[in-house]
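Each of the next two complexes has chain A plus one more chain, namely chain B in the first and chain C in the second.
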Partner chain A sequence: MTRYILKRILSGIFTIWVTTIAVTLLIHLVPGDPVQIMFAQSQSTTPEQIEQIRSQLGLDRPIYEQYFMYMGRILQGDFGTTIRGNQPVLELLLVRLPNTLALALSALLITMLVGVPIGFFAAYKRGTWLDTSLMTGAIIGISIPSFWLGLMLMYVFSIRLGWLPVSGTDFKNLILPAVTLGLANAAAVSRLTRSSMLDVLSQDYMRTARAKGLAETLVLSRHALRNGLINVVNMLGLQFTYMMGGAIVVENVFAWNGIGRLAIQSIFQRDYPTIQGFILIFATVVVVVSIVLDILYVWIDPRIKYS
Partner chain B sequence: MPLLDVKHLQTRFYTGEGVVHAVNDVSFHVNDQETVGIVGESGSGKSMTMLSVMRLIPQPPGKITQGEVMFEGQDLLQLSLPAIRRLRGNRISMIFQDPMTSLNPVLTVEKQLTESIRVHMKLDKVAARDRAIELLEHVGIPAARDRIRNYPHQFSGGMRQRVMIAMGLACDPKLLIADEPTTALDVTIQAQIVELVKRLKEELNMAVIWITHDLSLLASLADRILVMYAGQIVESAPLDQLYANPRHPYTLGLLQSIPRLDEAQKAELKPVDGMPPDLMDYPQGCPFAARCPYVIDRCHTEDPTLEPVSDRPNHAVACWVKPNGAAVLETARAIAH
Partner chain C sequence: MTQPVATLSNTSIAAAKVKDFGQFLKRLLKSPSAKMGGSICLVLVVTAIFAPVIAPHDPTELGVGAALTPPNSEFWFGTDEFGRDLFSRMVYGSRLTLYVGLIAVGISMTVGVLTGLVAGYVGGWVETALMRAVDVLFSFTETLIALAAVAVLGPSLTNAMIAVGISSIPFYARITYGAVLVEKNKEYFKAAQAVGAQHVRLLFRHILPNILSPIIVVATVGVSVAVLSASALSFLGLGAQPPSPEWGAMLAAGRDYFKRAPWITTFPGLAIAITVLGFNLLGDALREALDPQQRT
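Right, the complex of A and B next:
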């Protein structure tokens, strides 16, 4: 087990390393001269200033040298500074990261609390009107774009009813973006839970449990749920990374001050150091979450033994 | 009074494609401490009959449409759900074919063994655990005290079936229904499991219903045999009688398709030609008529009911012709020599 975790951590580090290469190449993948593009909108920049920025970013050197420079800097915790304002990128990202994590985790909680029970009941009542209406609702939920759902929620609860603020950074402001992000994913999770539970409910061990004379609630909670959740936990892990991505849209709708919003701003401003830093931080979060999940599996499904 | 008395049991499955006639007017009984073998090919309704007795068929699409199942003086089909649950795993136990899929993969053997003990015998956790260890030792699992903490996948196929049997015996049942418990096991393990059940049956004074598609397996095990075909019992006889003088053409066909060690190598195995009928499109007349070498006109129009053979009160057969099985087997043997 310890060996397995160690192996996973090493492969995680490898993934992040590959990301650093991609991030370095990113600037060169965009057509045209990157520095020119960065300053395309500001007329006042002189050719001397452009050259200065170019050498500051190391763009006048060969690519491999650029890479080693970049690696050397990030290993020391230096992610560079923003193009405008010269703020340290890492600090900018780390200040906002907890906001994004809080949003994604609350959304994940909503996804679980809504999606899993809906899928479970739909499976248990398969073929009935309850099943059909829940799953129709789920299809609608999957189809609604999150920015539109966000705007609608904002319209109803903030503008019409005045219950919740439109934007801001305290706990009350978290509710609407988390619900927006959570519901869309709950729809997908409910469908997966349903199909996973349908499979479990038809298994032989369910018949064995009933043959023992156990009450139906015990049969479902002890024998069905845990088996059904194996697939669901797998999906929730993937969902969490999607949510980190989905957060980019939702953060912008609700002006939630997370790294997603920062990323969009940086993209509009062609702020390469910030975009690079964002991608690296994002990749790290995804890698960490997937390692945590793999460890969680062993706990849920004893058949998985990593060696 | 028999321990279990089933009368005119009928089970249907209402599917999108049509109605499946799974169990058709089945009547039989099991006496106290008797071992009854139910034999028939896949889809002949043997498992469905016993699942109906336990009221374990999935509803919907399944439905017990008719019949009476008397067990210890009460009709199981009339009991409330909580009342039937008090009997399941307690007075009547059922063990299943594939112990890999019939045990829950994510729960320890301890959890799966103790849950019925705790529900039915009202024991606390420690006492239930002691009982479970005792049961595992009883079914021949070495180092039971340690192994109880293991998960099903950590046991071999034969050991898993022993765990399954321990679960079935947890509350000292009066009747154990074994649904092809050895089919998924290899032959040597099969023999061990058969011996184990025989021993336990004697020790615990219980009756056993053993479902199988392997007629030869029952030779050392059963007191009486029921032969099922297309959801019906077509022949019912004491073991010796059935082997020596089968009176239903299907039973005769089954006996002739079993290889025997004590007879000449040349003796030819005769498979039963044809396929069993589609239970969704149940034939008029005798369901075996289409495959029967003794078929007469009446077989196509009238379905024979199970009736005692005149000179043998314990031997019943559902056939208009009732061929003399003993003579047929004798002739076949003579030709082989």
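Right, the complex of A and C next:
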């Protein structure tokens, strides 16, 4: 197990390292002059200022030198400053990161609380009208765009009923974005849970448990659910990655002040230092959380031996 | 002596394949998902092809009706803030949706399948390098890859299509790679190798036709993923730009009139959901028909 954990951590470090290279190259892949593009919207920038920024960003040096410069700065916690406003990028991202994490994690909780029971009951009642209706609901669910679902929920619960605020930053404002993101993914999780449970329910130990006269609730909770949940825990890492990706869109629907919203604004403003910082922070969070969840999975299911 | 045997075996293989295809088609036509999904996709294609005949107005013509007219007998889906007919815009939007889905899937499938084929077939350091790159891409979300690509290329519908196409490459690469590894150990492949078939022939005449089934399933569901991702990018303002009748962009434009005219956001959203549902149903049905043992 230690070897597996070590391997997982090393592969995570490798991914982050590749991201740093990709992020450095990003600015060079932009068709045309990136500095001109960044300042295209501001009329007052003089050619001298543009040259100064080019040299500040190190764009007048060979690419390998730029990479080492960028890495050196990042390791010291310096992600550069925003093009407009000259604010430190890392600070901007770190202020917003907890909001994105709060959204992604509460959505993950909703996904599991809704998706897992639906998948479980559909599998248990396999082939009945309940199974058919739940799975029809699930395929409709995965087809609904999260941004549209968000707008519709906002229309009903904020505009029509007035129960929840349209946007803001406190806990009450988190409910609608989290429900939107959670429900959007619950449909996919219910389908995965159903197939995992179908596999568990057809195992010999299930028949044995019933044959020895155990009550159905015990058979289901001790044997079926416990084994089925192992696969669900295995999905957590991947689901968290989806939540982080989905959060970018949902944050923009509800004006939730997370890093996804900042990223979209930066793309509009062609603020490359912020875009680079966002990609790096986002990738690091996804990699670290996935590793933690994978390790948790190995710890929960000791039957599995990883090399 | 070798030729007649080869011809005979080719004929019997072809006959078996026709029989298999017949059974596959029978299973597919029996499935309610295939009927429903297929009908939705067919309606989308027919709408896209005959858009100029179906749409009563020009999709970009301003003031064909009063601004923000609710749905009525003349303007079935109402009008937007510029008095444009929403129904006509939706009809023309189906062309963009289909176009985005097919181009994006075309990009991801071509690059992904080639990557998986080469990695699985060549092996060695090429395999390690390619699949490691795929793993790295896989560990990010598609959204992040698409955003990075749009950040580089700039916001437009074409760039959004390319971005969405790039973001799905790892899926096709992994599926193809796994399938190639399985096929490489089969008798027919070893036999073809033993008689000295060229690499290109081995890859494209022997391996590729045998691994097409999972790729077709992924590609069908891939269209729905591409439609969702591209409309999300347009919704965020990073894809199609006004006055394009792209559904995601229409939905975003309707946000400002959400309270007064909810139909501007309702109809494009419904259209995206129904289209995605159609391809998802078709993908599910294809998977079940191609691999009945997987049926749950």
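Convention: the second predicted complex is superposed on the first by the 299 of 307 C-alpha atoms of A that agree within 3 Å, B and C clash if a C-alpha of one lies under 4 Å from a C-alpha of the other, contacts with A are read in each partner's own complex, and residues count from 1 in each chain.
The criterion applied here is as follows: a residue touches a chain if its C-beta (ideal position, glycine included) is under 8 Å from a C-beta of that chain, and two chains touch if they have at least 3 such contacts.
Fair warning: this is a prediction, and the values are worked out from it, not measured in the lab.
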item	value
Clash or fit, chain B versus chain C on superposed chain A	fit
Angular separation of chain B and chain C about chain A, which is computed from CA centres of the superposed model and rounded to the nearest 10 °	80
Which of chain B and chain C A:Leu161 touches, first, second, both or neither	neither
First, second, both or neither for A:His223, with chain B first and chain C second	first
Touched partner set for A:Leu75, first chain B, second chain C, both or neither	neither
Contacts of A:Ala263 with chain B and chain C, given as first, second, both or neither	second
Which of chain B and chain C A:Ser290 touches, first, second, both or neither	second
Chain touching more of chain A, residue-wise (chain B, chain C)	C
Contacts of A:Arg194 with chain B and chain C, given as first, second, both or neither	second
Touched partner set for A:Arg207, first chain B, second chain C, both or neither	first
Closest approach of chain C to chain B (Cα atoms, Å)	13
Residues of chain A at both interfaces, chain B in one complex, chain C in the other	none
Complex contact set, residues of chain A against chain C	11, 14-15, 18-19, 22, 26, 29-31, 37, 139-140, 142-148, 151-152, 154-155, 159, 194-195, 198, 241-242, 244-246, 248-249, 252, 263-264, 266-268, 272, 275, 279, 282-283, 286-287, 290
List of chain B residues in touch with chain A within their complex	51, 54, 56, 60, 81-82, 85-90, 93-94, 96-98, 101-108, 111, 115-116, 119-120, 151, 153, 164, 167, 170
Interfacial residue positions of chain C with respect to chain A in the complex	132-133, 135-136, 139-144, 147-148, 150-155, 224, 228, 231-232, 235-238, 248, 251, 255, 258-259, 262, 265-266, 268-269, 272-274, 276-277, 280-281, 284, 296
Chain B-facing residues of chain A, complex	127, 203-205, 207-216, 218, 222-223, 226-227, 230, 300-303
